[in-house]
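Below: the structure, in structure tokens.
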Amino acid sequence: MTSTTKQFRPALWTALPRALWPVAVSVVFAALLYFWVAPRIGGFGADLLVNSGIAIILATSLTVVNGFTGQFSIGHAGFMSLGGYTAATIVYYGSYRLFGDFDFHGGLLSWTGAGAFVGPLLTKGDGLFVIACLCGAIVAAIAGWIVGLPSLRLRGDYLAIVTLGFGEIVRVIIQGTPDQLDVTSTDPGLGDLSFPQLLTHLGGALGFSGAPAYSTVFWVWLTVALTLVAIIRLKQSSYGRALLSVREDEIAAAAMGVNITKYKVRAFVFSAFFAGAAGGLYALKVGTINAGELAFQKSFDIVIMVVLGGLGSVSGAALAAVILTLLPELLRDPPSLWPWGLVGAAIVAALIGLFAPRKRGPLLTLVGVCAAWELMRWGAARAGISLSDYRMVIYALALIVIMCVRPQGLFGVREIWDYLPQSWQFWRSTSAIAAPAGAPA
Amino acid sequence: MSDALLEVENVSIAFGGLKAVQNFNLSLPPGSLYGLIGPNGAGKTTAFNLLTGVYRPDAGVVRLGGRRVNGKRPYKIARAGLARTFQNIRLFGELSVLDNVRVGCQMRHPHGLWSTVLRSPGYVAAERAIHHHSLELLEIFGLQDQSLQQAKNLPYGNQRRLEIARAVATGPKVLLLDEPAAGMNPREKIELMNLIRFIREKFSLAILLIEHDMTLVMNVCEQITVLDHGEIIARGSPTEIQSNPKVIEAYLGQPDA
Amino acid sequence: MNHSLQTLVQTLTDGIAVGALYALIALGYTLVFGILQFINFAHSDIFALGAWLSYAVAAGLLRAAGHGPALLGNPIFLAIAVPVGAIALCSLAGYCIERFAYRPLRNAPRLNVLIAAIGVSLLLENTGQLGWAFGPYPRQVPQILPDQVLFSIAGVNIHLVDAAILIVALILMAAIQFLVYRTKFGMAMRAVSFNLKTASLMGINVDQVISLTFVTGSALAAAAGFLYAMKYPQLQQTASAVWVLLGLKAFVAAVVGGIGNVRGAMLGGLLIGLIEFFGAQYISTDYRDVYVFLVLILVLLIRPRGLLGAPVMEKV
């Protein structure tokens, strides 16, 4: 059978374009967002954009383990924390070693400050930033390997315990590290230690702060785009099918030659890598990171995004990540649905009408959600209570209700484009999952 | 004997005090079509599990193509060329029919994460080959029209055939079929018989099948081994087995209506 | 010489007392996990609820005693009414949670129930600190058990509270042990934990068994909450990290002892309590939580089934 692959081999000169065209598109996309969209939505909007992007990276990377491979990992924030601290310390202490201070040394693409920026697009400081995030990702991946290798042989519930414990252990260890050093430090002072030694001074329970900020909409969404490309390509490949087969039936997968443990560990390491990168981007948003905030509550947030989006759906996880990032802001002071909310609802209704195989359920849900939203606002105004006090309660209730009412989340294991009618799918993918029954052919 | 594709020597396993299989012997020459029968609970599926590595034998040796495989993990045994189907169908339900077969196929074309994400030429070639070969197999098994349907939505008979197609896709030398005809009507069973003989020819397989339908077994198998309470009580050609008093006593087998 | 013996005994006393609390909470985790293979993340919130309800019932009764029957203020009456009240209300809460949040998800994938549990946990935490509930400020639980020193060992005063904690915990643990291994109901629980479907086919009312298991676990957590409120009367608001951390340590105790094993929960609880206090005393108070999690790593690496747990079968 191997001899027949030669006839299918594409021309060698097509290899580089095929590998790299997503990178080019990602750069253009990120630049568009940064230069065109971000200025128009204001500082707060840009913040939300950055936070949503980081959430997308976290949720989609966790989907690889919990969704594709069907494992039970609930310590993802631990990888984020490792990556974030690695990146922050490298940029912080690295800035001092390279430039002699802790200030921003980046170019226009990394400028997070207010006001105009005068300078080149990219500088050495940007190089430091990118390398720092990469190191963060690699450290997280190594941790993923160390944790995954022994524990992925265990029964499902035990993996949950191990990953939960891992997240807490990372937090606790980081919170026990020596104080962060700055220019006023003596014994040891900044000049007394080697670079690796400096990197262990993570600030302990006080957290790490003061690193220059580099994570702009550009870098974050460049990473988002690259992550999505990598993960979608993974899903729509034999590797991805192997992962899905492990999720579906381990014994059958093994009987078909799939090395279960190897695939589980690789998925774990792969997802930890991206979580580490996300952590780096997160830490260098404002230059602050605190392990106490990246404990199991954060891990649970990410798990919720994955499950609400649909276990195994990349687009679902991404969509859920954005919704759940914006929701707390919306719930803080719930705006009225008129006019833009209704426009949005109308668009969603149109999409449901055109593409959803079963229309009644989703449409009723849409109407119900809009009605509940307005009712909630009206009720709160009548009772004279501030909804922002209740936003966590509302969120908690919504979680329980959604789990009971729609356990498969938004898209189940499919992607949003699997709901397009077949004739529309110009990208006749080597997609793993078949279209839902009843979809227009 | 030594050029047999599959050699099983005195394989045994006990679960606690229960001796599930004892001194199981078998020799499967290339191109053969043998049967394994016995009353319910005789240990037939346990024997299959022993051969495929799901259970580790307490004693005995299993050799595939001359190489020892007992004690190895199931995926290694599958890669060595031993494929199987399951008594209770174990398809990848959420995946499409095509993808179920592709999972079987891709074992021969492993690619790492890097070449997958970067879509290297080797990877693309492998994917196309897998796709091509899988479609070919689906045509042989008559499932090409349902290739994009979810496996769990297939009618029962087609699910059984899909499982066999998936197993054949791994490019095995030996194929173990666990009750492939269960739940089929007589016409489907005849089609299945022909299909089994066809794939034996086309893919140069040696096939061992577990079945309860005596008509099917007697018509298709060249040699039959009879298990009862974990032990072999008879072995021979269909005619020999049919008239063996021990078999008749242990297993009042009736041809299925 | 005397001083270090005194420190030793003091650490021992505190470690055992808190360990007994961990054991009670761990029992709740282990009972539910044993039956449903489900980690009830809302369990630590029931514990917090138990502590806060003790405060509310006690404060309410004392207030009523101010302008009502003096019986309500009677210390013996309070010592019975407050825990009974807290336990009863928490058991009701546990029942409702199982009935409305978990039962509908009995056949759903594991992660979905987990999220429902997280939802319940968030609900309890955030509703508890609302103004009309327990409020967002710390509160002092009124003294119910007299602050009496029972006796002294090596210069350490053994208070009534600590003795009460240990005795009540031991009694409850013995009761649960009896329940699970010596009663018909306990047999039903064990049957359900082996195989839910078969148990229901055998005529066991699975819903009832599961409900009662949750209620029992909640009652134990409530008892632990009451005892905790007696020993540490300054209660933090329900959304505070303190409760979560306590619950997490109790969960580690359950895992270390062997999750799903009743005696394991007791053993694990005491062990974790002792490790935490001895570590804090003799190594460093800063890393108080580290010791507990280090033990978790060790156990998970070397013996994931825990001390008394059933073997964790390696996936074929």
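Residue numbering begins at 1 within each chain, and the chains themselves are lettered A, B and C in the order written.
Operating definition for what follows: a residue touches a chain if its C-beta (ideal position, glycine included) is under 8 Å from a C-beta of that chain, and two chains touch if they have at least 3 such contacts.
On a predicted model such as this, the values are computed, not experimentally measured, just so you know.
Visitor: Mind having a look at which chain is the central one, using mean CA positions?
Guide: It is chain A that sits nearest the middle.
Visitor: Based on mean C-alpha positions, I'd like to know which chain lies farthest from chain C.
Guide: Result for max centroid distance from chain C is chain B.
Visitor: Between chain A and chain B, what's the gap in Å when you average each chain's C-alpha atoms?
Guide: It comes to 42 Å between the two C-alpha centres.
Visitor: Can you give the whole-Å distance between the Cα centres of chain B and chain C?
Guide: 52
Visitor: What whole-Å value do you get for the distance between chain A and chain C if each is reduced to the mean of its CA atoms?
Guide: For chain A versus chain C, the centre distance works out to 35 Å.
Visitor: For chain A, give me the residues that contact two or more of the other chains.
Guide: 251, 254, 260
Visitor: Which chain C residues touch at least two other chains?
Guide: Residue numbers touching two or more other chains: 316.
Visitor: Any chance you could list the residues of chain B touching two or more other chains?
Guide: In chain B, 53-54, 73-74 touch at least two other chains.
Visitor: In their complex, what parts of chain A are in touch with chain C?
Guide: Checking each residue of chain A against chain C gives 66, 72, 74, 150-151, 153-158, 160-162, 165, 168-169, 172-173, 176, 250-251, 254, 260-261, 296, 300, 303-304, 306-308, 311, 389-390, 392-393, 395-400, 403-404, 407.
Visitor: Where on chain C is chain A touching in the complex?
Guide: Those residues of chain C that touch chain A are 33, 37, 39, 101, 104-105, 108-116, 118-123, 125-127, 130-131, 239, 248, 252, 255, 259, 286-287, 289-290, 293-294, 296-297, 300-301, 304, 312-316.
Visitor: State the interface residues of chain B toward chain A in the complex, per the touch definition above.
Guide: By the definition above, chain B touches chain A via 52-54, 73-75, 78-79, 83-84, 86, 90-97, 99, 102-109, 111-113, 116-133, 148-150, 153, 166-167, 170-171.
Visitor: Residues of chain A touching chain B in their complex?
Guide: It is residues 1-2, 4-6, 8-12, 14-15, 18-19, 229-230, 233-234, 237-242, 244-245, 248-249, 251-260, 266, 270, 413, 430, 432-435, 437 of chain A that touch chain B.
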